[in-house]
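Chain IDs A, B, C and D follow the sequence of writing; residue 1 opens each chain.
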């Protein structure tokens, strides 16, 4: 778990009296894959803003929302679900965060990583600011408070001035004095979309999969650099660009949208960056088949994340698509010491191989990505134990060789299996008959809504669109 | 939840000192789909038999096994996971059951339904027997106790005499004085298999999917009518038929193996009744395609249970296989009132449609079975909301029109959507463009290890191989 | 924890529509001191008898009573709270027990120990009866079931015939076909009282302290040998003696009422055996002062159980009554290893000495009883550490030198500090300046409602009024 | 719950390698009466300061301390237990608080109320400071951070400068860069004492009752105005007065020690403000007897808080001391609606009257204080229901007629039963035969270590030693 940034799920709903709390909870539930550590909700009540957050999955963490909220007819709420773990201290780093800012309650939730946070924090600390959490959200609130007096206590203006100082990946949802505010960084690292609720309400969410879950219709993406204010009680949104002087949007600047959202992170039912995740994954599988075909009896995914790339791969080659694993939908702690398991199958609690699907077959496994390689190694061994004659693997993105500083939590670079290794070496370590990765160009050819230059591929190549913090700046 | 029978998962391990408890827990976990209400484990310790059971999923229910078991080097254990719910009373009907029988501890776990249980219970009650649970297991223990004195306190012999009185579906695992005993009814309604552990130990389980999970190798099915004794500490199993005088197996008698295990209940990685569930499901899909082909753009399953039939269906027709739903792997209570949901998608928390996969498409959904039809109706509506132009459905078994009295818990017959309705009527109710079911003969043509006459199809046709209890005999 | 008998709290309420469940729960709460292991409730609903029981204190165990009970307007309920622990298996031995007896639901709860249970159980087992718990309640139900056919299925008559076989201590509450039945053994070992509810309802409870808690007025004791039937819906109780042929009460037979209920077990606000526990304890303290006066600066109790004897003691001698301990009302696990505590005070988490009350003082501690002596030793040491110059102890009953087989759970006889030791030796072991116990005669002179011969003093002298089971008969 | 101040328990231990965590937990447990809402612990590890806090009682809240702390051999820890409740948000207002202050970790815990907090907070907010909790601790940390740069990043000096701005009641424990720091406000509102651990370690705690619990010996009070630094690893404490220029203590200034700690709040085994709580309470009872004697049959306390005053009262008058209530040591939610209870006894779940102690008696109940009067009214009614002929009450302090702004949480002034009422009126409301309160002078005559002028009696008379905040300044 990196300290100053996280993959998270954000959603806000406004203009839905009496329904906002339930809809935000359902929306969070549909984005549970974006964060399982904690969940929180911030609501606008007749008593002012109120906050509830707790460790655990959405369905547990939000099971005991304050009962008095129910009587309030709450019409605006924002929710956050967080990835990562600090052990017992989790709730102190959970979001949203609610503060008293010169008598004004302001609450905020964040998805992303702000690269110059160490520098900004150091500057704030020199001025006497103290930090109670390791969240970027807290830092932004401090910046806002600095600007408050000079802006005549205009919260939105103070937010704008603060945002201009930030470099890196960020999507924010705030509850301010006049409405819910949605913000997306100028390079558009993370997705954020606007949806319309019936009767004039609005929804904003990290992924559009949450729109049907909460009854919203997709409208458009929140634009890179946009500050979008959705007034309490409904009504027309106000929008402008927070990083230009006149508030106009600069279309010429290339973006840095996270291609890994398409590869792995987002759910296939979502639109991100203007493309359907489903369609992009099918296309990546097809492109992978064109680049690195394989002669085998069956193409199979690592379900569920590799399923759509595997479908595209098999269709392109005309090779049978099949399922070599059956998934156990129940999770929970193991009752044996995995280290002492006699067979690979004994540690395969989530995905169990189907011997009849594999026996004497040559199979090609389509994966979305390989990180450390340890799980893949166990799976490949289990496939061979179950009788597979040949095991090939195709990966629907290039090898991961670099860290991400923009919101995805990869492990230390040196623990990546592709770090400093060729594909042949990796293939040998994983115990494969053959291995191939999708090329960068091939991968980027699968997105259609933006130019290939509008995506960040730093985790594959190390060319960071924003200067990441120096290692010594990253507190552990 | 019917009162005197249940679908459950059974597993026992013997001859694995210090490992049996962990292996049984892992084996139960792999059969969690067979029962989520409660889990229990019965072990053979140096202090005699000991029992632990609790409501909940395996990983929760067995989280607090007695700590002293760890020091015991336990080598024999049986586990049970139970389907159904009685609310707060659940643990009183959980299994295994352990009793003191004339100073001998005997413990038992059961999967199935004994049809003449009401009559036997009535007879026992006339003799003064009282019942503390609604389990057939308790009844069998009472029968055994009746026979104990007359058999010179031979537990195995008393069990044999008791088993001969039973009609219906049953698999039992017992811990008796000399070893673990596995029993399967003469008609073979429910599956039960024998596996070999390393170093002379043995495993017996409802489904073979649990064998790799606990490190066992599949050996064979426990035979219909077999009583198999696996001695404590390992050693050669003793086997005979409990329903013939000389203990020999009568091969001529037709069996009544539950075809619905292949259609829906068992996991595709399992062998049941000598066939691979995986292969049978693929074959059912292919046969369904031959019987009721459809002209459409995409064949899609209701994941995960319909996946393999859908694969077989699409391969046979040469129509693209695709995924129109994305599955949310997180469950938990809903935060909105489903009745007030504006759109079908708002109640689709587990399976969310992927609009891009569906828009303007004609899709054929392959289901394994339709029971009440309410869930199917919501799913079909959600597919249309997401843009599907035509929605066809193919079901990989005949219409369910009758109750099961042999271990599967169907709802009241009159609540089945196919009760008293034609396929056309059902199609209209579900809102489909077309609907077809697999024929009985087609279905039975897909199993290969036994003759088609060796399967029970009563839930489709009402021809019960054993007289079910009269409705007034079934206590509620 | 002895296996076939327990100290428990019983309460039943009838004729209180919509209130019975709450009143029984409150009544159990007021008798929580009689059992902390588990709590259970059996109710008479429109659907028949229903049972809920769970491990834990009343307030936790009954927190999740079935929600549908609330709509039932339940007017009759019985509750049980149980002492002792079997670890994880607790709920299997919890009470009440509910069984199906020839189609009739019968539920029962028990306080006491049946001495000939091993013999009866052995006989029942020879007839093929099996036992699922170690409770006497289950045995009584089996006996009833034996008699059911021969009595024309008259539950009350079958109960009566069963009770005649029992020797030892027992109070039962049952819900039968016509009403709630209260039973007390002919020797009257354990207390049981009848209370009147407003509007014709009735309450029966182990201790009268529960009557004000549930709104009842004390009427009288349930008589030794009485079977008292309180009809559902209210109405006149029916009473007779179950151990005489004509149902009349035999007043001449001496009783064996447990004097230790007065010494320690019952709460001072209760009436037991016709005497106020409060008054008896004061009288015991006064008698102790007459028998073994002491010259000291302050008389102090071990709160709270010794408080009233200490008051009587100090008043009789005219010596200042004081408190040398302050009680911490919060309990919970310790965070340090008591074995490594440097000072006695570090293990005194419940009772902390008050140095200012003790410094340079000669104090006389009044205790109700000493069992193993380990706790007393620590307390006496802590008093000296806190500055007490002399520590004397007076105990308001004779030395405990024998086991109880009638419902109180003393440890193994050989672990009693008074086993095979003189008062001087005990005084030395405890580190006292002087020690004296109340004499048997003195103790019995303090009860007034019955003759001294009507009390059991077996735990002091070993003269058991009923033959206890042989050690080899007591299953562990 | 007032927003900016709380009654709490503080304890810190240093110089006890491997033991500090356990000792602090035990110390908190012994001060559980000072706060039941949440508990927290801050420790000095090899990785820097680390914090754990959770809602609930000490034994629950600290049950899951981070397991890695155990391996650390932690030698310094501070703990806090908090009174009051904010519902679900509790943990956000729990203490200690740990912040990053210009790269330096500083943690703090607080007992008291800072009267000029609203003004200071307003000033800080004008400078852009934001607040995440309603604790004074957070405010002090902000003040310190302001002073950090100007003091060359000397944490102790920054603390000192910050403390000089504070008006009101405060005791702080901090973990700073060099050691544990204990601070007590110049008027000495709240108690704080120093204890010596074996082998050179130190303990500081709100009440000395925690010293035996954690193995410490009482040394002395932390002085009003003292900043006491106890170096990590043990060694000589450094002490000076933080409110004088030269650090010397000004003995001439009168103090404002909270007399209510002696009357009610502290435990009788503690020393506070140089006097034994036990002795002061006995003296208050005796003085009350001199001022307002009563002619009755029995003097009885409301246990346990009134016990010692009742003892002093009865001894002075020579009237029998007795117990009219028996205490139920088990707590938990009620199962009936108290509003619908037919009798007072039905709501008396903690204290149940003993009819035999009360019947036809004239009793005098000694209470430590009366706040709203509702509980007293129910108790007095229950005593009469139980048969008491006359019920008199004597209270061991003057009538409470004013709020406290220095750390005790009284309800709104207008809800106090003595607000705007004479003793006769109160007596009538409570249903008493007579009522008398101890006089202010009588009360102050019972403390001996300081002059009567050195105590705060504002809650009786409204003469606040420090200007309390204006009502409009107190955020709700």
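Brief remarks follow.
By definition in this document, contacts are C-beta pairs under 8 Å (C-beta built on N, C-alpha and C of every residue); 3 or more make two chains touch, one makes a residue touch a chain.
Since the structure is predicted, the reported quantities are computational estimates derived from the model, not experimental observations.
Each chain gets a centre from the mean of its Cα atoms; the one farthest from the centre of subunit B is D. Subunit B and subunit C have centres, each the mean of its CA atoms, that are 47 Å apart. Centre to centre, using the average C-alpha position, subunit A and subunit C are separated by 60 Å.
Taking each chain's centre as the average of its CA atoms, subunit A and subunit B sit 38 Å apart.
With chains as nodes and touching pairs as edges, the resulting graph is a single ring in which every chain has exactly two contacts.
The residues of subunit D lying in touch with subunit A in their complex are 51-52, 64-66, 87-89, 91-92, 97-103, 106, 125-132, 138, 141-142, 145-149. Within the complex formed with subunit A, the subunit B residues making contact are 19, 21-23, 25-26, 29-30, 32-33, 36, 57-60, 62-63, 198, 209, 212-215, 267-269, 276, 278-279, 304, 307-308, 311, 315, 320-323, 326-337, 341-343, 345-346, 348-349, 352-357, 385-386.
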